[in-house]
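I have a structure here, written as structure tokens, and I will follow up with some questions on it.
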Amino acid sequence: MLDFAIYCLTIIAVWSVLGLSLNIQFGLTGLVNFGQILPFGLGAYAAALAAQAGLSWPVGAGLGLVAAVVVSLLVLLPARRLSQDYWALITLGAGELFRLTALNAPSLGGADGLTVPRFADPHLALGAALALMAAAWLLSHRIAHSPFGRMLKILREDEVLAATLGRNPVAYQRTVSIIAWAMAAAGGVLYAHIVGYVSPASFTVTETFIVWTALILGGPGSTLGVVIGAAVVQLLSVSSRFLAAWIDLPADVLANGRLALFGLVLVLMFLFRPQGLVPEKKEVRDAPRP
Amino acid sequence: ADPIEIGVIANLTGSAVKTSVQMTRGVELAADAINAAGGIDGRPVKLIVEDSENRAQEALNAANKLYNVDKVPAAIMFGGSGLMIPVAELAKEKGRVLVNTSSSSPKLGNYPGTLFSILPLDDIVGKELGLLIADSGAKTAAIVVPNSTFGLGVADAAAAAFEAKGGKIVKKVAFTEGQPDYRADIQPVVPVKPDVIITAGYGDDSRAMLKAGRELGLTAKWYAAYPSILEIENKDFLNGKLFGVDNGGYAQAAGKAVADKYGAKFNGTADLMAHVYYGYDALMVIAAAIRKAGSAEPAAIAKALPEVVSSYDGATGKIVWDARGQRISPPIDVIEYKAGDFATTATRN
Amino acid sequence: MLRVRDVSVSFGGFRALNAVSLEAPPASITGIIGPNGSGKSTLLNVVAGVYVPDSGAVTLNGHPLAYGRPEQVAAAGVGRTFQVPRLAHKLTVFQNMMAGARDQAGEGVFNLFLRPGAVARCEKEIASRAEAMLKRLGLAHKANDYAGSLSGGQQKLLTMGMLLMADPAVLLLDEPAAGVNPVLIEQQAALLHELKAEGRIVLLIEHNMEMIANVCDRVFVLDAGELIASGTPAQIRADERVVRSYLGMPA
Amino acid sequence: MLQVLFNSLVYASMIAVIAVGVSLCYSILRFANFAHIQFAVVGGYLTYSFAAIPGLPLPAAMALSAVATGLIAVLVDFLVFSRLRDITPEGKMIVSWGVALFIRSVVAIVYGGGGRSFDLSYEVVLVGDAVFTTLDALVVAVAAVLMLLLHLFLNFTRVGSGLRALASNADLAVTRGIPGDRLVRLMWFLSGALAATGGTLLALETRLQPNMDLIILLPVFAAVTIGGLSSVFGAVIGALVLSLAQNLLIYIDFGALLGGESWQVPTQFRDYVAVLALVVVLLLRPRLSPLVGR
Amino acid sequence: MTDVLTLSRLTAGYGPITVLDDLSLTLRAGEIVTVLGANGSGKSTVLKTAMGLTRVRAGTIMLGGRDVTHLPAHGRASAGLGYVPQTRNVFGDMSVADNLRMGAYLRPKTFEREVEKVFALFPRLKERRRALAGNLSGGERRMLAIGSTLLLEPSVLLLDEPSSDLAPATVDLVFEAIADVHKRLSIPILLVEQNVAKALALANRVCVLVRGREALDAPVGEVNTHDLHALFLDGGVHTS
């Protein structure tokens, strides 16, 4: 049981990093990224390729971050000319392109994937994941409550307004993408070393949705909300498995019932907490008296 | 007495569900048989079935639950290599047994002592298929396979054997699984007019693939690895036009007996697929190992497994493992599809 | 000196501006009036770098302003307001004001992590300016409300406040008085005089003729995309064409 | 070449009928409704069930399924989305994903997770060396008629223009006497019914599978996006463009074109085209006037 | 005179925010009442509440002797209430012509005849009738909004700052038109204005709001501009 708890915490920490990265993009800046799995996968594959080439893990991590940053700039190239509505699809497509490439390129292991050295000790893995999460948290928090973050929020609501205030929206979006994608890539590197293996099956659209669910459920714009959202999603998914022990039905019916329950709980949570579990706080300061 | 708990991990939701359910049913049949016979040394077998949603992360969640919370000594799994390998890593770390019924990735050889495959490696069947095509007198062949480890593994082995005998591969189509329709994918095969089509596949995808071939008016003969796991879309179209090599076991007595049990429990054998036999054998060899070791400790099971299989006559025929726990030299049937049924025209053990 | 020379703009086949030229000297308030749809806002958008003119040029102190790059124009010290106010609705009034200030140390990511002291100092300085400005605009009691919850007139005032936070050399104002109550209009007029005294260039679009008469040094009149008259407010009021097309019967 | 056209037309027809519903919902309620694609799957299964009723011809089964799915969509709106009108579009989108997950699982419980298909007999027709089936012709015809009817409805009826007004500015629309809530329900019904029909066409041509929504997600949303998110007509164009681009890419022999050995793009890269077509079209398409200047 | 529109003891606002605080206001047949007040004092909210676009927490709204407190906005439109909003007053992605047609949603039959009257009032709209409403200038939008509402042939008019954004000559036209409609069809009008002089010239009665409450309700003859300015200085609604 303890081992299981350690495992779950590790996974929650990793998904939180991914969620925090998405929060900087969407929660703060309003960039709708449906390819969030792309930088994550890039980090994971970079770690794997580096390991295959006999390089040490910091090299792999470095490669992952660089790859994510470069690709983020590439994806931004067409996206910068488009209105926000279209970002979602461009990034969704980019994520799928990555998965298809990994699936179809023999040098990336194809469907078989690549093996990565694993953390020998689950405690170590948990420690690393928590450390990364803490770093991502601090980074996010500092950004969210800074003049930079304030301008990101302006951007989130009205790009034209930001431009009128003399800020270049594209430059801000670029900075945000670089930070967020590097963060996600770091999560990917760690994930690869925790699981010991990367394959296209780990980087599907569904994973992106899981991250989104964590973010929206937790409350976009709120750092704490993201982590809580990630925890709720993972625990919901895991705990629903234990229900099966009490019910005697064919295995596939149970499996579907579990997912139906998952969907239902999700919808109910929104009906009762439409603003997310931890809504973004209004930044209030002592008002000057009139 | 305390039940012995055995885990099962399969894609019960998402895609490739039908085959997963079939495998799970095979395991259930084996459990029924064991428990009806008084269990293993008096202890009944209890299955804990977990869904992997055909996603690596969920497969890991499932395996972690099974190994860490339920503490099962052994688990039987259906899933592609992308799901199987992360679970194999975990099993190795935990020192538990994992029995593979579906993936033929060579990478699975990296877990000797904890991972054992019931499914034979693709290159054996693929090579036999290539030879069969060459013997049929065909000169040109097109390849139409899913771009999975299985499809590509079969295709490469068959093509190599066929080309070694002077044949020529004129077109290769590797489609991405899970699409509703493959007409556009298979279209390029039409103009090259191959003598035969080399294929591999199962379930809904194979059905869509065959349908596309029929609608496009392909007249070539189909040569498939494991033809019986294909889902026949149109009997008339394939009558006398589908050949292949299969694992030789199912046609023999043990296999037939399992089919009968299946028919009794699940209302007939109309939807029976070969995966039932793989699941059945997987649990049966685990049970035999526990009996032999006199203990349900994972290490004891792992040690006993290779010893018991050599004398096990399974639903999938004789099981022979190499040193890494991978199945080699399975019995081979040569199959022809005629009059709405698969007929075995020759068997090689 | 802000100079607009021979600017023409068309949308599809529709000619919104036709070879319009005007200039606005420092320490002055230049009015632009004209019937609805005559191209006033369009002209302002050209100056602000939103629209790219078909032909013509805009220069500030002899340097051309960038077309199609509003952020560069704004960075060059040209601030503007919109006819329909633009604000970050889900930020508070105070945050909106803070965002208005230019060149903030805390907007550089490196400063954020490497020079937290400088960032904090800068914030404090801007905050005190924002407070003072809000008091002056009569919005102090709304400082912690979401900007989206302000009434139409209050939003106009807030955009003006944000603009002033940026301390621009040139102010482009699109109907700042529309929808604003008469008392505040008087205050705004006073504010404009102050801005003028500080040596800024103010370009003012207004339909409120009283305000135009009160504050403008010079007025340009557009009609159907053409410049039809220019002069002091008094001259304009006397111009027959202007009366006919724009002012209507003397009220 | 003719074959490419046939294949594209068939594929585009199925995608378009589903995609217009996404556009309708997007234009009126401003969110990308993932549950919509699941409605298509539900519709396909319902037709499958109704068709199994002895004596009920397929067209009647399709009509029944369309009505039933339309009502399901209205119910989903009543239970879920009507209570969440005020949350962000992304929030609604995630909720729609939850709804889709729920429906998908229920469908899988009822019908099993494996595929199902209609047993239809149809003819294969040869035109030159291109083939199509009578079923293909039927699918294209049904889709074309539906799209035409929808176009006429939206543009030439009072209710249709009311819907468009609602899409443009809901608060203003109600003050003009347009019954907002009723029309929103009508929109749900229409898009549910269209989805059901599209899903049935897809099922007739291919198969039914509970998670089919995930498979057609990318093409449907790509079609909608290419055509401009809130234009119904655009969704149809988008489906055509996408489908032509996909089929052409794997058809053209690039090797021969460049004077070398025959080489075609491997078919598994077909989905690349969905994405690339998307990017290219979005970049080339005249930019909508930004409405920024005031 | 009979009461046409009566708001009694209304408490209303947006979501959790209360703007109107126990407010009562009556519009009688044949009357023009102008609502004045500082920015944010709740003038627009009064009109939106009358139209059914806000959340009413307490109080009742009567329209022509019928309780419409819980009637949705489209029902009130059918009952003869015409409304010109202050902002977001056109269908931005529809053409000018389609916007006008939407104005006549409830009166499709008389559209052809009535739209000519609107074009006669605002010739600019006729010139631009194929343009997208979202591309119109501020003043053109205002004309379109007023024109569309007239096409509804309302029996009561709610006008929110109809003259703002308009050129002086056009302001005169609009006020003439309002006076004309009022006289010819004897439609009672609730008018929100910042153009105090013009509003007072047109109205029979003045109602001044201060922070969502009624601070003054008197016939036009009894108020002077100086008092009004004092009330304006009192500021808007305190919602925090």
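Here are a few things to note about the model shown:
Lettered A, B, C, D and E in written order, each chain numbered from 1.
Here, a contact is a pair of C-beta atoms (placed from the backbone, for glycine too) under 8 Å apart; a residue touches a chain by one contact, two chains touch by 3 or more.
Note that this is a predicted model, so its numbers are computed, not measured.
Using the contact threshold fixed earlier, the set of chains in contact with both chain A and chain E is C, D.
Taking A-D and D-E together, the pair of chains sharing more C-beta contacts is A-D.
Taking each chain's centre as the mean of its C-alpha atoms, chain C lies 28 Å from chain E. For the pair chain B and chain C, the distance between mean C-alpha positions equals 73 Å. The geometric centre of chain B is 36 Å away from that of chain D, both derived from CA atoms.
Shared interface positions of chain E, defined as residues touching 2 or more other chains, are 135, 137-138, 240. Chain B has residues 12-13, 17, 21, 147, 174, 176 in contact with two or more other chains. Touching two or more other chains at once are residues 86, 105, 108, 112-113, 210, 266, 268, 271, 289, 292, 294 of chain D.
Those residues of chain D whose C-beta lies close enough to touch chain E in the complex are 86, 158, 161-162, 164-165, 168-169, 171-181, 289, 291, 294. Chain C makes touch with chain E in their complex at residues 11, 14, 33-38, 40-42, 83-84, 138, 141-142, 144-145, 149-154, 156-157, 175, 178-184, 207, 209, 245-249, 251. Within the complex, the chain B residues that touch chain A are 8, 10, 12-13, 17, 20-21, 24, 48-51, 53-58, 60-62, 64-65, 68-69, 80-83, 85-86, 89, 93, 105-107, 110, 147-149, 152, 174, 176.
Within the complex formed with chain D, the residues of chain B that make contact are 12-15, 17-18, 21, 147, 173-176, 178-181, 183-185, 187-188, 203-204, 207-208, 215-217.
The residues of chain A lying in touch with chain C in their complex are 142-143, 146-148, 150-151, 153-154, 156-158, 160-169, 175, 179, 282-285, 287-290.
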